[in-house]
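The following pair of complexes shares a single chain, chain A, combined with chain B in the former and chain C in the latter.
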Partner chain A sequence: MTAATARRRPAVPWPALITRDRGGLVGTVLLVLIVLVALAGPLVMPHSSTAVLGTPGHGPAGGAPLGLDFLGRDVLSRLLAGGRSVLLLGGAATLVIYLAGLAIGLTAGYAQSFADPVLMRAVDVILSFPALLVMLLFVTAFGGGPGVLVGAAALVLFPGVARIVRTATTEVMTKGFVEAAVARGERAPAIMRREVLPNIVAPIVADLGIRFSWAIILIASVNYLGLGLRPPTADWGLMISENREIISTNPLAVLAPAAMLALLVIAVNLVGDAYVRQRSRSGGDQ
Partner chain B sequence: MRLDGSVLTARELRVELASGAAIIEGVSLELAAGDILGLVGESGSGKTTTARSLFGYADRGVSRQSGQITVAGEQLDTADSLRRARGRLLSYVPQNPGTSLNPSLRVLAAIEDMLSAHAAESGPRSGRGAAAAGLLDRVGLPADGQFGRRFPHQLSGGQQQRVCIAIALACDPPVVVLDEPTTGLDVLTQDRILAELVRLRDERGAAMLYITHDLAVVGQIASRIAVMYAGRIVEQGPARQILSAPRHPYTRGLVASTPDHLRPRVLEAMPGIAVGVGDRPAGCAFAPRCGQRTDRCETELPELAEISGRHLVRCFEWRSTPAVAPGPPITASPVARADPATPAAPAADLAMAGGTAPVADGVLVADGNLVAGAGADVRVAGPAASEAGSGQAILAVEHLSAEYRGRGARHVAARDVSFTLAEGGCVALVGESGSGKTTIARSIAGLHPPASGRILLAGQELPGRAQRRTTQQRRRVGIVFQNPAEALNPRHTVAAAIARPARLLRGLDSGAAQAEVDRLLDAVRLPARVARRYPGELSGGERQRVAIARALASGPEVLICDEVTSALDVSVQAAVLELLRELRRELSVAILFITHDLGVVAAVAERVLVLRGGIICEQGITAQVLGAAQHEYTRRLLAAAPSLSVSTQAWHDPEPAAPLA
Partner chain C sequence: MGMATPPAMSAVAPIDADDPAIRAARHPVAAFLLRRVGGAVLSLVAATILIFIATNVLPGNAAVVVLGKNATPAQVHKLESELGLSHSEVRRYASWLGGMLHGDFGQSAVAVAEGRPDASISGTLASPLADSGILAGLTAILLIPLTLALGALAGLRAGRRADHLISVPALVAGGLPEFVTGTALIFVFFTALKVLPPVALLGPGQSPFTTPKALILPILTLLAVAVGAGVRQVRAGMIEVLQQDYVLFARLNGIPELRVLLRYALRNALAPSVQIIAQNLQYLVGGIIVVESVFSYPGIGTYLVNAVTSRDVNEVQAAAMILATLYVGINIVADLIVMFLVPRLRTAMS
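Up next, the complex of A and B:
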């Protein structure tokens, strides 16, 4: 059995890994499209994203295929303009979340001594506060600028990543190859980078999509409460919340940005899952 | 074939994958009441698939099964008849009791579950509690309510397996299928369970199908043996005949690679590896590995033909299968019989070895028993110790104690352990699980700082932690771990894994390290193309060779081998042991060989230390310790360890077999 199942294809560069997978290919195409919309959208939008064109909550009409929003602005134009902030803020927050989560989680999981309980209890303290409350606290204290939004979202969301990384690390630490590295005198950073990190990629990437969508939702919620990005900025998260009152007259004003957010999250998840799936198939991962 | 008395008849069993490739094919088995049939073969040979197909149980990815199964006159051909038969006509004892028992069910509840599944046979509900308690008693467990209320995690491995056996016996089935029931248990526990099974067979007359990879175990318990290779039965017959005069070259290979602590001999490894499902050739599946194949073997599948009374072989050339020469019986030299208290041994060696001191004061061991403190009980190294290697000690362990701290409590893993390892020598550390063997290995490797005591490498004291040791000190000690699946980083190629220690500890540049990778792969008998592979592409034996190559990459003088063969099949084990022997000869590496298997000890080590509860209870020359053990615990270990020569002795000579169980 082992002989039969053990024969595996050699390693492939990761972009090829993802696009070889059907789900990964779909995800990649979706992701590229969404990024294109977000980047090029403001250049091709039919109207200004802030100009009031007519009756608030007006349904789809000739010049406005997705109708008008709660102030009478063109939903399509705002949709095309509203992707940038989502991608930038969500992406930046996710990056910070993973940098912090990896640093803390790896250190705690590697140390298995004094540093582990200290770091993890600190992480637990952060986890014990309601996410939105911490976000609001920060935004009220430091203002609703993009940097604060990213920092606050990262602070709220990194503990989950730290926990995942720590758990995965402690498991890898018991393996013979880590012990062999310790016995030959490798330094801690080298062990983390060479021996541990490549073996905990699967749980981290599997979590990436969820963490990214949470970051977007958190930032959108703060925006909704009027404490984050200031209207009239176009932002998919902000659009969902600000148009809730006209959902009966022009549902597209809510559904369109919601669909964009959903597609974005699905695309990120598809790509992540495809990577994990194909990687385990090619490299003999557990 | 006693058709009249048979309780189980399986005809032409076939299980195939969705792709159509057969996992098992044409398997026919027959069991008479009171028979124990041993089904043996290496991993992947189809033993477990055969067992499960008797229950109509298919693993994921298995598409179709065919064949006729009759148990106690009932034809099991429909899904419903198979379901009703499970537990009532046929029951199953799994390999891993720890994961097979429902962790949320108490012992009695688990047994009662089986009784209520076949309520019609097991009588009224009210009697089930008593019936379950009776079953506990029958498998040698306390039948009181207190034990019955325990959860599986509160039991030892042996107790868990007994509970599984009690469940299997609950409905008094005529056939019990046992799938490697003692693999993973200590020898003493294994011995007790085997004795228990024989007793239950005698009491109840149940027929048993005993699946194992261990020929020595099967020789101890089975009356008949069926050997499987690549999904087919290749040889079947009376146990003694199969073990003492195997006719199929595969069976012969298994016998020749099974170590025996009572008659040590050079183990013969089978060349090549088992073919995978779907890669099986048209002719005999064993032909590519077979030394006596002819052209016919490669194109035509031999029939399972009867060659003598009830002895069937699937081989055209069975007449030319050479006999396995048994090793000479192990005997202690006259030196060993000398009074151990007489200070006959060289003083220097003795002083380092600690002599009788560690046990002299009688110490509490892990399970609460007192080790007899009599100095006479303890064996000291005889003068013949100098046979091991050149005599100069490369590694000396002095009064080493190691402990674990877990949740406030201190657990002593090793207490006052002293021994020496000569240059190019081989010392075996033997003991059951929890005896502290691995902790001692980890301490020497710098992975577990000792609580007290010293570790000297060529007379120089080693710091407790690997990080504190000098590069030279780390270079000179290599370690190979037990589990080859976890020993190698799955994300690094074989070349990267081997090159790393060469570069880090010997300062080789990448070109020199690459040359070293090629040289080491050759040294561990792996083809150079393996260098580009990932561990996931290798078999268990190949991975263990890579792990050995990695440990050798720093050019160590001491190689610690921690149960390096316990996860491998016997034929692969024989190849790895042979490799270690060659490495000793060619590189004069000293080896500290840690194992629970006395047969392996006899095959590799000159000196042996027997550990119990973290204390060395006996040490000396291997032949002396195995041939004339002084300590009562060593004697128990020796008596419990299954041995092929004991199983076949009665066949070879009319004398009764050595007292075993």
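Up next, the complex of A and C:
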């Protein structure tokens, strides 16, 4: 690649940016595999995820390669069924985080009036509490349903996005092309969409991996504590805590879901880091 | 922030030494302290409101939830009046707030419902707080030097083998949820090696120091997450400092490398590190909630989780308020330490 093309802004589309990085490639392959397992798993599981097959805590045997759980259900089937909630809830929370973060960050950064300090102080207040504590307060108030988990994780994590968006927007607002658009008499929504948004994409995407993994971890933690999704739901977080008593008789009942969660978080972080690293290397972050 | 706004001055006002704006200019540290404490008080007021709302929007009220669906209206009515639930929300909020200022966190809803003689929450908080303090304190003592040493070493050897040996495990450990790390440690040290206990249960009034082995895994779990996250940031700070001109000139002046590192690089890398360590200590406040549950350790985190499980809203209020106060407090202390370490920030911050 020549110096001239390297200096160009989006010389490489972002998927290629990630997969040409070694860590990013490993992360992408892992992530695709885990998403496949999580989404297609319920279709190919050998048994029902709630059927009792034999002695609780039985080790791996012919029909159950990962053994049985604390109630005698098939661990492999529950593992295949238990990723969907992790991905869907984490994904939904991330979507809400970015919608709220963009709306508030853009408004604050664009308005540069009373709305800015008011919105940003509200953001500061949320950030001054431990995330899990806010999650638990939400669960206390509204119970541990899927909607509550998504809403609580979004409330805890969107302020960080709002801050990033606001900072980036404030910076873009000083640029000549925004002044030109204002001078042409364009309306605020059009300016935000056409002038501001395309120029703040990089810092927002750079943050995506870490937000997604935090959303997954926060929701999984509440499920682990037994305060989120209710049994007999199969969920990787819940599986780890409900099988802790049988860790000596069938360790796989605990280790398999723990490994899936760990690999998922590592894969997401690898992909996110690769994007940031390659982006700054190709000079796109300037 | 509203607190620092100077009063309007007319153009010909005589110079008044007591004018807040002038005093602020003369005492930037005091002004900064005032603003930070003001901000913290606002945060805590917001916390009381958030916590009160979260524990009072329950469908039905605390009495119904604690007694269960089969309770008779008479039982519910009796508990309601015992807990003061018949008063208005505003009055209940005010009396909760007033009580807390005197160290009184009210009565446990479950204990009152069961008719226990002493239902006061304040008395039951001392032991979990002490146990959590021991767990978090021991972790912090190990956490700070480990984060600084590993982070500085990785920064000094950036891109080389020592860096990879530190950075890669740190990246993995720092990103994992506590219960995954804790479960993995239980598997290795209890199930496989049989050298450490999987739980840190304590009898009533028993000090954690009587079973020191039980503390090892909880501390290791907290360390893995916190050190992992901190090392990366300290490393980045160290790399940045090493590229500064004063390090280059110190080296060109023939100052021994060790002295350059200790006196020039490390000292300047320390200032941002204090904030990283503050974040780590703040992390502990939230991290103990999960870690204590993983190991059944009877601290304030387990207390909170049990309170949420049994829907004892008064206990939830107390534990949440304590954790929020610690979180905000650590933040202020860290800011002050940074300010005293790095004089040039004293003017920039105010």
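Assume the second predicted complex is superposed on the first by the 186 of 286 C-alpha atoms of A that agree within 3 Å, B and C clash if a C-alpha of one lies under 4 Å from a C-alpha of the other, contacts with A are read in each partner's own complex, and residues count from 1 in each chain.
Throughout what follows, a residue touches a chain if its C-beta (ideal position, glycine included) is under 8 Å from a C-beta of that chain, and two chains touch if they have at least 3 such contacts.
Note that the structure is a prediction, hence the values are computed from the model and not measured.
Peer 1: Check whether chain B or chain C contacts more residues of chain A in the superposed model.
Peer 2: On the superposition, C touches more of the residues of chain A.
Peer 1: For A:P251, is the partner it touches chain B (first), chain C (second), both, or none of the two (neither)?
Peer 2: second
Peer 1: Thinking of the overlay built on chain A, is A:R184 touched by chain B (first), by chain C (second), by both, or by neither?
Peer 2: first
Peer 1: Tell me which partner A:L43 touches in the superposition: chain B (first), chain C (second), both or neither.
Peer 2: In the superposition, A:L43 touches no partner, neither chain B nor chain C.
Peer 1: Which of the two partners, first being chain B and second being chain C, lies in contact with A:K175: first, second, both, or neither?
Peer 2: After superposing on A, A:K175 lies in contact with chain B but is clear of chain C.
Peer 1: A:L225 contacts which: chain B (first), chain C (second), both, neither?
Peer 2: Second partner only.
Peer 1: Which residues would you name on chain A as touching chain B in one complex and chain C in the other?
Peer 2: none
Peer 1: For a test of understanding, state which residues of chain A touch chain C in their complex under the given definition.
Peer 2: Per the touch definition, chain A meets chain C at residues 121, 124-125, 128-134, 136-142, 213, 217, 220-221, 224-227, 237, 240-241, 244, 247-248, 251, 254-255, 258, 261-262, 265-266, 269, 273.
Peer 1: In their shared complex, at which residues does chain A touch chain B?
Peer 2: 1-8, 10-11, 175-177, 179-180, 182-186, 194-195, 198-199, 283-286
Peer 1: Using the touch definition from the top, list the residues of chain C that touch chain A in their complex.
Peer 2: 1, 39, 42-43, 46-47, 50-51, 53-55, 57-58, 171-172, 175-180, 183-184, 186-187, 190-191, 198, 282, 285-286, 289-290, 293, 304-305, 308-309, 311, 313, 316, 320, 323-324, 327-328, 331
Peer 1: In the complex, go through chain B and note every residue touching chain A.
Peer 2: By the definition above, chain B touches chain A via 43-44, 273-279, 442, 445-447, 466-467, 469, 471, 474, 477, 479, 481-483, 486-492, 497, 500-501, 504-505, 532-540, 547, 550-551, 554.
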